[in-house]
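Common to both upcoming complexes is subunit A, partnered first by subunit B, then by subunit C.
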Partner chain A sequence: MPARLTDLLLYTAPFLIVTAVFVFYPLVANIWYSFYSFSAFDPVMRPAGLGNYQRLVTDPAIVTALVNVSLYAVLSVMFQVGLGLVLAAILSQAFLGFWAKLFRTLFFIPVVMSITVIAFVFTFFYDPFSGLLNMALQAVGLGHWARAWLGESATAIYAVIAVSQWQSVGYVMMLFIVAIQSIPRDLYEAAELDGAGAVAQFFHITVPQVREMLIVATVVTVTGSITVFSEPYIMTGGGPGDSSATLATYMYRSAFFRDEMGYAAAIAALIFVATMVVSLLQLRVFGKAK
Partner chain B sequence: MTSTFARHPGRLLVILVLLLHSVIVIYPLFWMITNSFKTTQQIFEASWTMPTVWVVENYVKAWQGGISAYFMNSVIVTGSTIVLTLALSSLAAFGMTRAEAGGAGRAAGLVLMACIGGMLVAPQVALVPLYKMMQALHLHDTHLALILMYTAYRLPITVLLIRAVFVTVPRDLDDSAHIDGCTSFQTLWHVYLPMSRSILLTASVLTAYHAWNEFLFAIIFIDSDRLKTVPAGLMNFRDALMTDWGVLVAGLVISAAPIVIMFILAQRYFMSGFAAGAVKG
Partner chain C sequence: MKRLSRTVSAVTLALLSAAPAFADVELKLFHRWPNAPFKPYIDSVIADFEAANPGITVVTDQVLNDSYKDKIRVVLGSSNQPDIFFSWSGEWAFNIARAGRSMDLTPVLAANPDWAGNIIEAQIEPFTMDGKVYGLPWQMDGKAIFYNKDSWAQAGITEEPKTFGELMAVCAKLKEAGQLPLLFGSKAPWAISHYIGTFNERIIPAEVLAADYNRATGEFTHPGYVTALEKFQELSTCMNPSPNGIDHETERNGFVAGRGAMSYLQYAEMGYLKDATFPFGFFIFPSIEDGEGQPDTLQGAPQGWMIAEGSPHKEEAVKFLQFLLSPEMGARLTTETGIISPIKGAVTDQSATPEQIVAFDQIMNAGDPYIWLDTALDANVADAYMKGVQLLLDGQKTPADVMADVQAAAKRVRDGL
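And now, the complex of A and B:
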């Protein structure tokens, strides 16, 4: 064997072993498990055929979870990708100078904070009795809008989604700042000579030039929405009922509260397929663009 | 100022948007800090005011009432994850770089595929088998379980990041190290790693960020309260402190502080790492 190949095997072996055992094997095993019915502490696995999947397509909680993650995805693309791009374009304005850096740092701080911390603070804001949101509504004469934001099935998922927007818009903004930095300056200079204003420059230069990042940011945001777990788990536990459940919180509940590991594996398989479809769409769009 | 805005009316709008968004971002942070110095009564009655009496003991009570243990657990898990992830990633990136240069490019390409494929797998998708596996390996309820999980799921992206820098190391340096009698490992240690300090720092802060904040694995693989990391431990901390809000909020500030401070100090590395991570993904 050539020395270089031996080197390759030796040096990459630890990485390959760890990844194979803890990333790729579980992925395959999950599909396998989804055709069985078993509990966490019982070694016996009973074949279930397509039973878990039949249940999946008729389970009303799955429908709720799919609707919720779709809402999550649509609102996240609107706020994170939309607002993120606008903020990035604003922070790339030369006249801001040093201030641009300061605002960028500030806007990114929520991204690095633990979701548990953020979720607790917003749970205080949403508190029906002492929360700021209801107090603010009462203060401006909209007291009749006050409600238990996290405790009512009509509003719980929106209250949870809002918190994710607060945390993540800075992340997408940062991606766009990096993309905008690589746009040739002379494009803007030429547009300025033609008399194009800042808004026209944004739509005619910035947006088309960051097209690739728009796709990446949308895929990152949508994939994040399909797999979202922590925010709903911490703030509502998926409730009341299953009203704010996502695929991941419902999978968690199936596995660790109801001890239906096979069914949880089927839900995980659904999450996997959904994220793969989005990733493949990205590859397709990129393939066409090139 | 007036004349500037008269000439550039858009600038006023830009500044207004920035100020408005600043308020939205700053207010919850400001709320956290002011309320961490209040009594429960004060928070309940008027959480938007400044503290009338600054209750510094909230921090002492939070630290002694559980946060210190979670904090130390997070330090252990995060530190070990950084060391393990960087070590395994550097080795793999080095092996791939040399194979590409030495004519084993196709084999290295397969490893590259493993990296890209690994990045596409969300932990959520592998949870049930991982849970069974950790039980079978008797790793359930140990820090090692978390360290292994975090390392495994950070490896693919970290290998890609480090490899991208290793391939820029001039071949001449590698060859002359070989002529000087360096073993391949010595070449990695004395040539490649010192030339890649910046990316190693970037990879470290990114790994730290993920390990410090990770929540899903942290609640599933650790049952004992004394072994919990900060994000998972805060759940118990909250349940134990339902009547002591000021202490709870102080605990939140302590939990968020290390990573926020690290971000402000090492901002350059955070930004470049996050950007590279997303684009490569």
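And now, the complex of A and C:
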């Protein structure tokens, strides 16, 4: 037994060490930092007690950021998971042949592009003076809809969310295509013999059979929404004001613009807790359903 | 054995002969101009410096304005800090100095009086905290309203406005002539701070501003702050719709392309205006009727360089700054980049355009410069101001709401949270 225990420790040591150094230590250190007040370049750390957390619960920007990431999560589940599954089901139909391959490729292209490049391209797309979107609206007689999409509080977060959907729907679609391909064809053939149409087959065969992938895609999409950073940071910087801020952009601005590393650490702790709670909740809900 | 000892000797000799290469000094320079004409200028100065100083090489890293503000904070706290780095003046510089990250240059200036005497003294002041100089100016700057003379002529405007009321009259005439009077891009919030700083200077008594801009005493309770935002709101009726949707570069490019008749620009941006197909003029922001502040101050401040306190190559870094801030390089700076050099005798009719000479005179006659609001204030207070005004422009907040946020941020800073 001792020999087996030694082997066990030896084999798991690399994983344990790497996880301890790169996951658990930063987590613990972050919690520790959140009880101090300091800047990125000032070596002096002043104890802040619970001050950073007290501010966290009264900061209106945090409320805005939480609302925004919730919007991000709901819309991402609708468009990435929902639409991704529908697209996957359509593009898995054998009769589409070449067209299925073409559209799979087209939908997947944004996934392999750098999000930084995409965010910049869409910044030009939304430009109020010379952006393609406003020009297209004017061309079809909807000029009164033209606006500064990224420059108005009412539209900025939705404009940013739309870009994320455009970029990621292809990825989730491919996950579902892989899952759909592993569904036995007999099920569809039997359903056809029973007179089930395409929609009935989708809801009664495809959806239940890709349930595991549905769970994974939803968890990944929702947790990704809570930590989203690049798109809002590049396209709006969280503005106007904090109207399109997410938890991650607000944390970054606190840390590196306002020199409040302690407060940023408290926001990071909130992100960690939110991500963990949402993931556990989802797994529990899906687990119960199973 | 003999062969082995010969081999060891040869290897030792080879290592020793290579030693001078290891003794070479590599200076790391971090700045905020990855774009022309500034980067080519800095690179050419470095090439000249390296040629004149064998053994010293200068390696640069550069990112644009807003990214620079973020990145410099991170690298200064790391073990990979640059030896020399760009710095704004005022509170932005003092924040770094207070953390002990920038070298005290006072002894360097005292030890090199001939060289130090070349730098315009008033431009060193905004880098001075508690009697110690932490940075040296490289460019003089100020803000003025630039206007398209063709657009003005078309609208029948013949005189530059002396008061805010006259400026609004100019705006009305331009509107009547079917023109966009004033371009503004506030997507990058710092552009807001230049306007608000100017309105504050004109409306609020100087002693109140001095107390409020100090992070230890700032309260921002004077009613003039709300008035300043109301005046800014009034001016925003002359601007393009949704300024939050465009950045300052788009604003400037729009002015050069003739899309708007006026733009509030920095003198340092004159180099970009060479592509304009129209003659342009510029004037300092006019006085504001009933304002209790100063009617003719200039918003703007020098920007320059600091040496990292942790640099292992301070001597070489000082040598580089002496080269960069020499009269010859100062004249080249003005000619090649359009930036107005703070080196005495650098701005002459040989090195500068007539417009640059006018700008130079305006800066020199403005007395103490009023530092850009975003670098004059603590970052927390500046952030509350700029984000608040973005929402003011978007119709989401009132001037009173914005000032309530600023007051809360100022209190947090005073309390040391």
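What we mean here is this: the second predicted complex is superposed on the first by the 261 of 290 C-alpha atoms of A that agree within 3 Å, B and C clash if a C-alpha of one lies under 4 Å from a C-alpha of the other, contacts with A are read in each partner's own complex, and residues count from 1 in each chain.
Methods note: contacts are C-beta pairs under 8 Å (C-beta built on N, C-alpha and C of every residue); 3 or more make two chains touch, one makes a residue touch a chain.
This structure is a prediction, so every number in the text was calculated from the model and none was measured.
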item: Which superposed partner A:Glu260 touches (first subunit B, second subunit C, both, neither); value: second
item: First (subunit B), second (subunit C), both or neither touched by A:Ala148; value: second
item: A:Ser230 touches, of subunit B and subunit C: first, second, both or neither?; value: first
item: Touched partner set for A:Ser37, first subunit B, second subunit C, both or neither; value: second
item: Partner with the higher number of touched subunit A residues, subunit C or subunit B; value: B
item: Contacts of A:Val140 with subunit B and subunit C, given as first, second, both or neither; value: neither
item: First, second, both or neither for A:Ala94, with subunit B first and subunit C second; value: neither
item: Touching partner for A:Ile109 - first (subunit B), second (subunit C), both, neither; value: first
item: Contacts of A:Ala48 with subunit B and subunit C, given as first, second, both or neither; value: second
item: Touched partner set for A:Leu193, first subunit B, second subunit C, both or neither; value: neither
item: Shared subunit A contacts, counted only where both subunit B and subunit C touch the same residue; value: 40-41, 129, 252, 256
item: Subunit B to subunit A touching residues, read off their complex; value: 8, 10-11, 14, 17-18, 21-22, 24-26, 28-29, 31-32, 35, 43-45, 47-48, 88-89, 91-92, 94-96, 98-99, 101-104, 107-108, 111, 114, 117-118, 120-122, 124-133, 135, 148-149, 151-153, 155-156, 159, 184, 209, 212-213, 215-216, 220, 230-232, 234-235, 238, 245, 248-249, 252, 255-256, 259-260, 262-264, 267, 270-271, 274-275, 278-279, 281
item: Of subunit A, residues touching subunit C in the complex; value: 37, 39-44, 46, 48, 51, 55, 126-129, 147-153, 236-237, 239-243, 252-253, 256-260
item: Contact footprint of subunit A on subunit C as seen in their complex; value: 66, 69-71, 73-74, 76-77, 95-96, 98-101, 187-189, 241-246, 250, 254, 259, 379-380, 383, 387-388, 390-391, 393-394, 396-397, 416-417
item: Subunit B-facing residues of subunit A, complex; value: 2-5, 7-12, 14-16, 18-19, 21-27, 29-30, 33, 40-41, 86-87, 90-91, 93, 95-96, 99, 103, 105-118, 120-122, 124-125, 129-130, 132, 135, 166, 170-171, 174-175, 178, 197-199, 213, 216-217, 220, 223, 227, 229-230, 233-234, 247-248, 251-252, 255-256, 261, 264-265, 268-269, 271-272, 275-276, 279
